[in-house]
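Shared between the two complexes below is chain A, which pairs with chain B and chain C, respectively.
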Partner chain A sequence: MALLEVKNLRVYFHTREGTVKAVDDVSFTLEKNETLCLVGESGCGKSVTALSIIGLISNPGKIESGQILFEGVDLVKLKKSELRKFRGTEISMIFQEPMTSLNPSLKVGFQIVELLLEHFNVSKTEAKNLAVEFLKKVKIPDAVGTYDKYPHQLSGGMRQRVMIAMALISKPSLLIADEPTTALDVTIQLQILELIRDLKNSLGTSVILITHDMGVVANLADKVAVMYAGKIVESGEVFEVFENPLHPYTVGLLGSIPKLDTPKNSRLISIPGNVPRLINPPKGCRFHERCSRKLEICEIAEPPEMTIGNSNHRIACWLYSDEFQGAVDTDERYGS
Partner chain B sequence: MNESDGGIELQLFFTKKKTNFSDVWYRFRRNKLAVIGLIVITLFILVAIFANYLMPYDPYKIDIRNRLKGPSKEHWLGTDDLGRDVLSRLILGTRVSLRVGLIVVGISATVGTIIGLLSGYAGGWVDNLVMRIVDILLAFPGILLALAIVAILGPGIDHVILALTLTGWVGYARVVRGEVLTIKEEEYITAAKSSGIKKSVILFKYILPNALSPIIVLATFGIAGAIIAESSLSFLGLGVKPPEPSWGSLLNVGRRYIMVAPYLSIFPGIFIMVVVMALNFIGDGLRDALDPRLRNK
Partner chain C sequence: MKDTVLEVKDIKKEFVVSRFGRKKKIYALNGVSFDLKKGEVLGIVGESGCGKTTLGRVISKIYEPTSGECILNVEGKEIDIAKLDEKKFRSYRKYIQMIFQDPFASLNPRLTIYTTLYDVLKAHGIGNKDYRNELIEKTIKEVGLENYHLFRYPHEFSGGQRQRISIARALILNPDIIIADEPVSALDVSIQSQIINLMLDIREKFGVSYIFISHDISVVRYISDKVMVMYLGFAVEKAPVDVLFDRPLHPYTKALLSAILTPDPKKERTRKKMILQGDVPDPSKIPMGCVFADRCPIKKDICEKVKPEEREIEKDHFVSCHFA
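Let's turn to the complex of A and B:
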């Protein structure tokens, strides 16, 4: 059984201006000890997907339909109090901003201990020892000294390490990391990513990593799901998707990264336009307004989701639909 | 022990010393007026505690032959209309005034903070209801409402405290609620929720400490306000019962003899002014010291 199975998840935000379909019919599965990367531009529903797993969608947002099966238990149906038992024990989360994710008025050690006392039957001394042990595990030099420090006395990288220690101290089965390295500088980013990977391997945790950094994906992921405007447009094993990107959006994302072997004077590909407003998403394929290989059908009907070959490579795009196989050729004839 | 060991230890010593409290104290100390205010208040508190030993005369002893005598060697601040020593009565009055100030602020800050916390955190109709009640109470001048309450219950220091508390909590509730609204959107609250921390713990250990600075500042000003309010009510004859002295009632007595013995009103006035100013200086100093935007200066 998969550790996490998200089925047809829809999360809508009912605002005064209209209903924002932030997550619209998203499905994916995550096996034990696997890393799934959710990638996509800002505002395409990655974070909302993550927050709905941990049950933190608050007004005006609402999970409209779908299932989130965690070890067979549907988290959507659980009561708040029952859900709380999963948070911080079975499912943990790391946030984007280490600067603001710790309570500024409590010492970091106290915050870790509190978490332990909340969920586990341990004494204060045991909790303290465990906290220091985990601060060492996330490679904080002077773990004992850090235990007694306030967040504002630590650097961003150190705070993110503390956050990771807090997230992993309960040895959760699932770690959700929402852009854990975006706010950090590049050298620290690598250290943090390596730390997450090492701890994931030693603790056997599954990870959902949200990012828009393809480099991060290549570094960490087993599987990748590309999201666009609230939908997963392409997903599969990371090597498969990187070697053989099919959806024009994925192609665009990957093409926008400079590579070592990119010729000196060639221009990087950029995807024109912006993510559409999700109050009134475009009809048909949501990407059609920005797509360089748009077909007529794309403006009319939503593309079906299909599997390519016999791998897990799934894609939602008319270009690869049987009925429109011919259309690809036409398109290529005109050149894109 | 070699040199590097000593270095590390020294460093630990310094980092340990630099807690939030010592930061605040460091910045507070640089504000001269605030320090003076703190010294003055400390002196007044000591006076209130040791009033029995400091009073040169029995504050209730009537000596008609020496009535309305101006300041002299025997009676530093003169005698009142019944020949009682004004200094002794002012010293005893310190007790009443400070007690009213501290109790009123203590209760109304606690109650107001809790109501503000719950209201802000709950949101929705609860918040709406509580804030409308607060609006109603704020629409009246507080002293007028207190006056009405004391008029109904009858004069007496306990009734004054009750009346001032009933009108005093709203200010705290409003400020705390505003703070909660900002703090509950902070990422560390989401982070705490995502790690399954209980609501009550989030409320009192994550939100409250971060909302504390404005409460402390407000409370300092609040004590000054309560002292003035008690003086006003006592001045109107609704506060302490004679012959017990409070600064306001002493002022009230002085009013009748203002042409013949102006010192009877001047001295209580000075006492009130000095304490209120000292508290305001402390409040100002605390506000600056606790302001996070000035933290790194």
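Let's turn to the complex of A and C:
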């Protein structure tokens, strides 16, 4: 059984201006010991997807439909009190800005001890020792000194390490990391990515990592799901998707990053237009307005999701649909 | 030199901050020098707090430097703008324009784009009404927007469009230098490349020089002719872009380049990485020796005691390291 199976998840925000279809029919699975990266530009629904899994969607947001099966249990159907057994225990989450989840007026060590006392049947002294051990586990150089510091006395990278330590204390089976390195400098980002990889391997935790950075995906992911405007447009094994990107959005996203071998004085691929707002998303394929390979059908009907070849490379795009293979041919003839 | 538009010499900048009633000095810039040629793009990289923004603001006279010179070469003469007071500098302001990370914060929300641009021209006493209108229409097209956009307000635009507007506001004065401080950092990847392409087009067409400040080294490599690497207010290495990427000398530069993630899982997982330990030191306590010593993998005794002099290792390739 997969560790996590998200099926046809829909999460809408009912705001005064209208309904924001933040996550609209999203499905994916995560096996044990696997790292899945959810990648996409801002506002495409990555965080909302994560928050749904950990049960933190609140008004005006609502899970409209779908299932979130965690070891076979549908978290969507659970009561708040039942969910608590999972949140912070089986499933932990870290965020982009660790300050939002650390209490600024309490020493770091104290906050970890509180958590330990909550999760384990240990004495205060044992908890203290364990806390220092966890700080060492996330490779904080001066673990004993850090124990006695307030969050604001630590650098961004050190705070993120503290957050990771706290997230892992309950030995969760799933760690969700929402842009954990976005606010950090590049040399610190590399440290944190290495840390997540090491801990995942040594503790056997599965990871969902959210990012807007294809470099982070390339560094860490086993599987990747590319999101655009509330939907997953392409997903699969990371090597396969990067080697053979199919959706025009994935292709554009990869092409718009300057690489070390991009010739100078060339121009980058750019995707015209802007990321759509999700109150009135474009009809048909949500990407069609910005797509250079748009077909007529793309403006009218939502593309079906299909599997390419015999891998689990999945894509939602009319260009690859058997039904419309004819249309592609026509298009190419006109194009040439 | 004739084609040098800007020569920055030994700029220092200290801030005095008070925390809990106690005053302390922040050494934001500790003697930075470089020159910029006509049409050249200088990229400035380094981690947050290393002084990139402060340097940009000193050059554009938003901050007064504590010491040092900024020699601007325009109108056929050389002027040290660091020495000019506000009033004397006013007639030179048009030569150095700035673009910021957050275009929204730098545009007046109550003014239409037309009014914003018109006011800029008026403030600099450029042209009469007709000429100004003509220039506005021309400039808005240069940045990929249309006439109808002129009568809208900043909030009606997306992030990428707003950055186009701030580029228009800089460009309309026909500056010699545009200082761009993290101009694409707040934008989505697909929009970033639109703006980078636009900046390159403008350089090609108008021969403007850029000082391009960014923490994103791949973007800097792509857009720059030469690069300066900063660490704790020092320029630790300077070189033409290809030289810097082929033959980085300073251990910090090597670490920084090693931290660039390649968007290719095969390459990314097999390449050799240099993972730095620790964090950037406190800018209120500049170490006696090399600023990078406490994180440096090849540190020797001398590094903690003696500040390395800047040396030119090969043509135009400067480094401050005892062992480079």
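Throughout what follows, the second predicted complex is superposed on the first by the 326 of 336 C-alpha atoms of A that agree within 3 Å, B and C clash if a C-alpha of one lies under 4 Å from a C-alpha of the other, contacts with A are read in each partner's own complex, and residues count from 1 in each chain.
To be clear about the criterion, contacts are C-beta pairs under 8 Å (C-beta built on N, C-alpha and C of every residue); 3 or more make two chains touch, one makes a residue touch a chain.
Note that the structure is a prediction, hence the values are computed from the model and not measured.
Asker: Touching A:R10 in the superposition: chain B (first), chain C (second), both, neither?
Answerer: Neither partner.
Asker: Go through the superposed model and pick first if A:L253 touches only chain B, second if only chain C, both, or neither.
Answerer: Second partner only, chain C.
Asker: Counting touched residues of chain A, say whether chain B or chain C comes out ahead.
Answerer: C
Asker: Can A:Y150 be said to touch chain B (first), chain C (second), both, or neither?
Answerer: It touches chain B, and chain C stays clear.
Asker: Could you look at A:E97 and tell me whether it touches chain B, chain C, both or neither (first, second, both, neither)?
Answerer: first
Asker: What is the contact status of A:K136 with respect to chain B (first) and chain C (second): first, second, both, or neither?
Answerer: neither
Asker: Hey, what residues of chain A end up touching chain B and chain C alike?
Answerer: none
Asker: Mind listing the chain B positions that touch chain A in their complex?
Answerer: Touch residues, chain B against chain A: 12, 15-16, 18-20, 186-188, 190-198, 201, 205-206, 209-210, 212, 295.
Asker: Can you tell me which positions in chain A touch chain B when the two form their complex?
Answerer: 54, 56, 84-89, 92-93, 95-97, 100-106, 114-115, 118-119, 145, 148-150, 152-153, 163, 166-167
Asker: Within the complex, which stretch of chain C touches chain A?
Answerer: Per the touch definition, chain C meets chain A at residues 47-48, 158, 160-161, 188-194, 196-197, 200, 215, 217-219, 221-223, 241, 245, 255-256, 258-269, 273, 275-280.
Asker: Please give the residue numbers of chain A that touch chain C in the complex, ascending.
Answerer: By the definition above, chain A touches chain C via 41-42, 141, 155, 157-158, 185-191, 194, 212-219, 221, 238-239, 242-243, 252-260, 262, 264-265, 267-272, 274-275, 290.
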